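Each of the next two complexes has chain A plus one other chain: chain B in the first, chain C in the second.
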Partner chain A sequence: MSTNTTNSLSGVLCSFAFAGVITALMTAIFIVESQLLIAGVLLGTIGAIVISSKFGVTSIILKSLGENENLSNALAVLVTLALIVIFYDDHYVLFILCTILLYSVTVLGLNIQLGYAGLINFSGAAFFGVGGYTAAVLSQYHSIPPILTLVIGGIIAAIVGSILLLPILRTSGHYSALVTLAFALLFKVFLDVNDSLGGAQGVDVGSFTLFGWDFGNDITIGSYDVSFYVPYVLASLVMLCVVFFFVRRIERSWIGLCLDSVRIDEVSSSCFGINIVRWKIVAFTIGNFVAGLSGALYASILGYISPANFSFGDSLMFLSILLLGGIGNLWGTIIATAIVVVLPEKFQVIQEYRLFIYSTLVLLMIVYRPVGLLPRKTRTYRPGESS
Partner chain B sequence: MKTFNQKIAITCIAVAVMTFSLVAAPNFANAKDIVKVAFIGPLTGGVSANGIGGRNSAELAVKVRNEDPAAKYTYEFVGMDDECKPNVGVQVATKIASDKRIVGAVAHYCSAVALSAVKIYHRFGLPVIVWGAVHPDVTYGNKFNEIFRVNGTMINQNETAAKFMTSNGYKKFVIINDTTDYGKAHKEYFSKFIVENGGEIIESFGVTADQQDFTAELTKIKKLDPEVIYFGGLTPVGVRIRSQMNKLGINAQFEGTSGLKSDAYIEGLGDLSEGTLSFIEGAPLEKLPGGEFFSSEYTKVGYDQAAESYGPFAYAAMNLLLDTIEEKGPNRKAVVKALNAPAEYDSIIGKIDFDDHGQNTVAAISKYVVQDGKWVLWEDSEYASGKRSLKK
Partner chain C sequence: MDISLLAQFTVNGLMLGMMYALVAVGFTLFFGVLDIIVFSHGDVVMVGAFAALTGHYWLTGIYPDMSMWVELFFISCISIITVAAFGMIMAKTMILRLRSASPLNTLLATMMLGTVLREAVRLFFPGGSNPKPFPVLLPDISASFGDFTLRFDSVILFVLGALLIVSLHLLITKTKLGMAIRAVAQDEETARLMGVNFTLIVLITFAIGSAVAAFAGVMNGLYYNEINFGMGLLLGAIGFSAAIIGGLGNIYGAILGGFLFAGLQTLGAVAMPFASAYKDVFAFGVVILIMAWKPTGLIAEKTSERV
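And then the complex of A and B:
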């Protein structure tokens, strides 16, 4: 037992140190502007990761983070809060933080579908968009409280998704993927020609108001002018925490067990009395609900949405985040989202070549680490038990 | 365990020191007389040719200014990509608007992106001159002091068209428009300006963008006997209407919008296309007041890509921004105030005069007529010189 406690003590220290390093790193990445420094920070980070995995530091960090799960989760929230405090008046950085948090939420939704139940969804951005457009429509009625707007956004997305259930359940494998692909294209065309939703030009989304306080106004605390994005980042953070907790619970419960089983082998699952249709419906609907939820908040932050935001390409981006992070791994998802959102933004300095370099990086990643950054481990029957 | 912990500690400290030194570094690199100006346009994606042309043109204006020894400041050009997507547009708009070192920007080719970003510029008080987006609401949909636009809109196009037609003695108009945003907006603005100029819209017909047969509409139109049939829509429908007009023996002048002016219109109709009118934003480079200067400077720098039709607008917008900064100093508020004051500016695209919404009211609109199987500028045509005449 004594070795165990020292183990966890060093683990705690290690986790804290790691959180500090991540905060410093994110701060550095957000601050640097010139081409040379960006390249320096990125190469430095990659170098540090390579060196630390050579010396086995990476595995120690991962192990200590894994040992103290509650602490790790708390530290992640702390890192985000620290970043909010550091950049309290930098609108741009806060907006990027919002984007990371909300994209993470959406990809967590896709994680339930693809990572657990094995349903590939090529229309993630469409359900994200359903939430967004719901918020746009609801924002015309000021009496609806923001939280209700978000929930309704999620519910509408789940309802729209249920239209797809029949064809998806009737088909399997690649064919059900094609159904979602068709829906992604259909959704954009529908928005393009639908005048009441703004058509191809897009539509305004009103900002949140809560008890007469407009989320769109800057806040002054003492002598500090705090960006109006801070409440939005906090709201996004809360949403991510809630969804993360919820998805983690699903994964570890018997529901997760059933979903995993459906993914791995449908035939033997049904032999064991697992209702495959039911679990596919559950996973698909929850996933869409989560995507709609985050879409509604994202649209409110953006203030203006148009069909171009929710194209098939964006759905592919969500899926690529999932693949990059490691399918089924929640932390992998969040890290991958941060990379996918921040890198192209940082590459703005090289203008039209930015997507080229960014895609090259992603390609290299896929070639050298096809399982994703943090692959999901084989689950233990009950979490906490050693396998 | 100790060695492990030492390793961790050393690595952590090393990484922390490295990152912090990088954080601290940029703070030493600020020179006094550098003023930053930004450009936003679609540099990647489907319309990137226009975006890159605009970017090069705006950058050219900065380069020319920096070579001028009389300039008070050294200008640093910041180019940004909005991908023609509103969400990316909001990101880059937030980025440049919240960067206090950036004094002004020349932004947006895509209307949807411009519409989503204007709120942000207003919030941060950043003066922005739009160089390509044509939707009227970019300037007229708000009362933001910070937003200006050098290029014309559908409104300017129809104003020019209506003035031109009425001054040529036409009074009775029938409108056919397709039922897209484009067609509907054209109908709205053309009607408005025709009435203002003393003309009369007898009737208007909405048609779908893929309609094949217009016999019903055209039979009614024949009874109404208008002098002009105005068509707000794109080439394919225009070709069908014009040819069916001929079959039914309607002898009215046919007039289109920017969506009609394409070579496909002439190819589809042959001789029937003769005498059709069309109005479009912008002008051929050689017709612009500073077109020659612009194209010689553009080739001198040696850009790989063409400036495209909106390049001169981007150049003029950036030049106007730089002029204002030279005069009023690198201060956002001063620039906004100066641009809002009534004044006329000379530029390579002709005079620029902003109305109270920041819209350039003397935006260049070109009139074209089909002559011998070619779209010819009205002023150069035999119709203008009196050799040929339009239908009466």
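And then the complex of A and C:
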């Protein structure tokens, strides 16, 4: 945080320029309808990245972003706000934005588990769904304020996750993978056959009401009709900011050090007096809480959820996003989420082949570049120190 | 509980158990030689069923009035040979490259491979997104004992499956090839030093495991008379669970696990007649409990923790 020592003017300008470019790029991707043009934009982007990394521009941008971390974070928020302002009346784009933001939150939760503590969780979508179904049940009681609904969603997810704690703590490796995998399948089947939660047909989720104002209605400000998604996007953005800040703090604190050490070598960590069991419980519970939190908000935005939203395939998608972005790298996570969510939505040609192409890409990625797009850097203990 | 109903449930459970055991054996074989979970194995079963169906279309196109038994023999051969070859190609191009990756990456990669197979069948097999009827190739005879009906085709399938498992057991324990497989599973480097061709043995193991999976696929099709592109996911998950609760790397453990899982599902359906839809929830719930009780499976791997 105290990295402002090398806060050069050119670095600041560079960061601003980059934010401008990203905003323009996202706007272009959202506006363009023709499939050919989208392909052109995408190819152009890839070409620009390749060329700029050839001439060292990428490293300059990354360096200036890394040097002014507070500024970069603020710029990211600004970019999102700018996109909201540009597309203030476009339901579809705003919904995609919500999805990106909330999926990122969930993957950040998984990141605490896998990236820091090294706990594999194949039931991310299940905990996401626990939050969602909690919101669905709670939305029948109008007296509960939305913020409380979200927190309760997270808490219920954490409690459900605590059932798995004992087997997870006792097992390791593939055996531990089976526990969460079995839970993911169990959860989906349970929802499918359970009538009181709507069964396979799903269940309606009431929209948020705050001070008598229903989030489900469009808003009119002056002569502008603003989409009802705008408050939701803002809420998602706030949630992502809070969770991002929180996860970043965990990573940089002694807690993060303990978690890293538990992941890398259990035996030596316990020799140093680190309580492995405690940190695994902490990481697993926080991760599930965060997943439940975002699931509750996502369900309220969708207005209707069904077991199909929380299948094993979705858990796999969350894990793949984490892997694509580079395990442990928070920005990588958010970028990877944006790519995974936006591409199939805009690139309608591949809609039918979406899963096929996407799983092939992840497969190739794991075989040829297992560290992800932006691998996590080794910890720097002092600002500016190169590791 | 009516005794004939009980017998019916037992027979159904045994059939399911045989199928699961055949799938689980593949998981445990692959884990033995490479220390990798190949999660796409369930989808290989599905590919086996579809290969047999393709063989059926092709054969009935050429010889419309072929006898049932001959056709069954030929489509099983077609399915087993193509899938065994496919398994070898998969191992050569994909799995062997993953050996240095972390366990999570390999698990995720093979899950993605399974998705690729599933989607490929859905998209590129004619009408692949709908359930396909599987030809009836076994005589539709059944013997009734009161309320209990014993289907003749189930008996044949069960006996064939049992024969396959016994021959696999003999192959692993009695032949030179089996000895090489066991040697590679025990210690790769020492096996190499003893003159075992590591890559060849791995490829052969994948061919064997995939062939067994193909047979399980044909068996599945004949038993349910219907196959669909998505059946591999649950079969794979169940096979994986069975291999794990039995103890990885141990063929008997996998067989035990397969029958145990089928037993749990049947028990779930019998013990909770009011909620038989919850049988999978029950079975997976017990799997989680078993993991809490025996963290390395019922028949534990013989490993020493090196610190």
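Note that in this section the second predicted complex is superposed on the first by the 353 of 387 C-alpha atoms of A that agree within 3 Å, B and C clash if a C-alpha of one lies under 4 Å from a C-alpha of the other, contacts with A are read in each partner's own complex, and residues count from 1 in each chain.
Going forward, a residue touches a chain if its C-beta (ideal position, glycine included) is under 8 Å from a C-beta of that chain, and two chains touch if they have at least 3 such contacts.
Computed from a prediction, not measured in an experiment: that's the story for all the values here.
Asks: What is the contact status of A:Ser270 with respect to chain B (first) and chain C (second): first, second, both, or neither?
Replies: Neither partner.
Asks: Just to be sure I read the superposition right, which of the two partners does A:Asn73 touch: chain B = first, chain C = second, or both, or neither?
Replies: neither
Asks: In the overlaid three-chain picture, which partner chain does A:Ser8 touch, first (chain B) or second (chain C), both, or neither?
Replies: neither
Asks: On the A-aligned overlay, A:Leu355 touches which partner chain: chain B = first, chain C = second, or both, or neither?
Replies: Both chain B and chain C are touched by A:Leu355.
Asks: Between chain B (first) and chain C (second), which does A:Leu186 come into contact with in this model arrangement: first, second, both, or neither?
Replies: It touches chain C, and chain B stays clear.
Asks: For the overlaid complexes, name the partner, chain B or chain C, with more touching residues on chain A.
Replies: So, of the two partners, B touches more residues of chain A.
Asks: Where on chain A do the contacts from chain B and from chain C line up?
Replies: The answer is residues 352, 355 of chain A.
Asks: Where on chain A is chain B touching in the complex?
Replies: Interface residues on chain A, with respect to chain B: 6-7, 10, 13-14, 17-18, 20-21, 24-25, 27-28, 31-34, 37, 40-41, 44, 48, 51-52, 55-57, 60-61, 90-92, 95-96, 99, 195, 199-202, 302-306, 308-309, 345, 348, 351-352, 354-355.
Asks: What residues of chain A sit close enough to touch chain C in their complex?
Replies: It is residues 114, 120, 164, 166-167, 170-175, 177-179, 181-183, 185-186, 189-190, 193, 267, 312-313, 316, 319-320, 323, 352-353, 355-356, 359-360, 362-363, 366-367, 370 of chain A that touch chain C.
Asks: In the complex, go through chain B and note every residue touching chain A.
Replies: Chain B reaches chain A through residues 1, 4-5, 7-9, 11-12, 14-16, 18-20, 22-23, 25-26, 29, 43-44, 48, 52, 55, 79-81, 84-87, 90-92, 94-95, 97-99, 111-112, 115-116, 119, 124, 135, 181.
Asks: Sort out for me which residues of chain C touch chain A in the complex.
Replies: Where chain C meets chain A, its residues are 31, 37, 94, 97-98, 101-109, 111-113, 115-116, 119-120, 123, 233-234, 237, 240-241, 244-245, 248, 275, 277-278, 280-281, 284-285, 287-289, 291-292, 295-297, 307.
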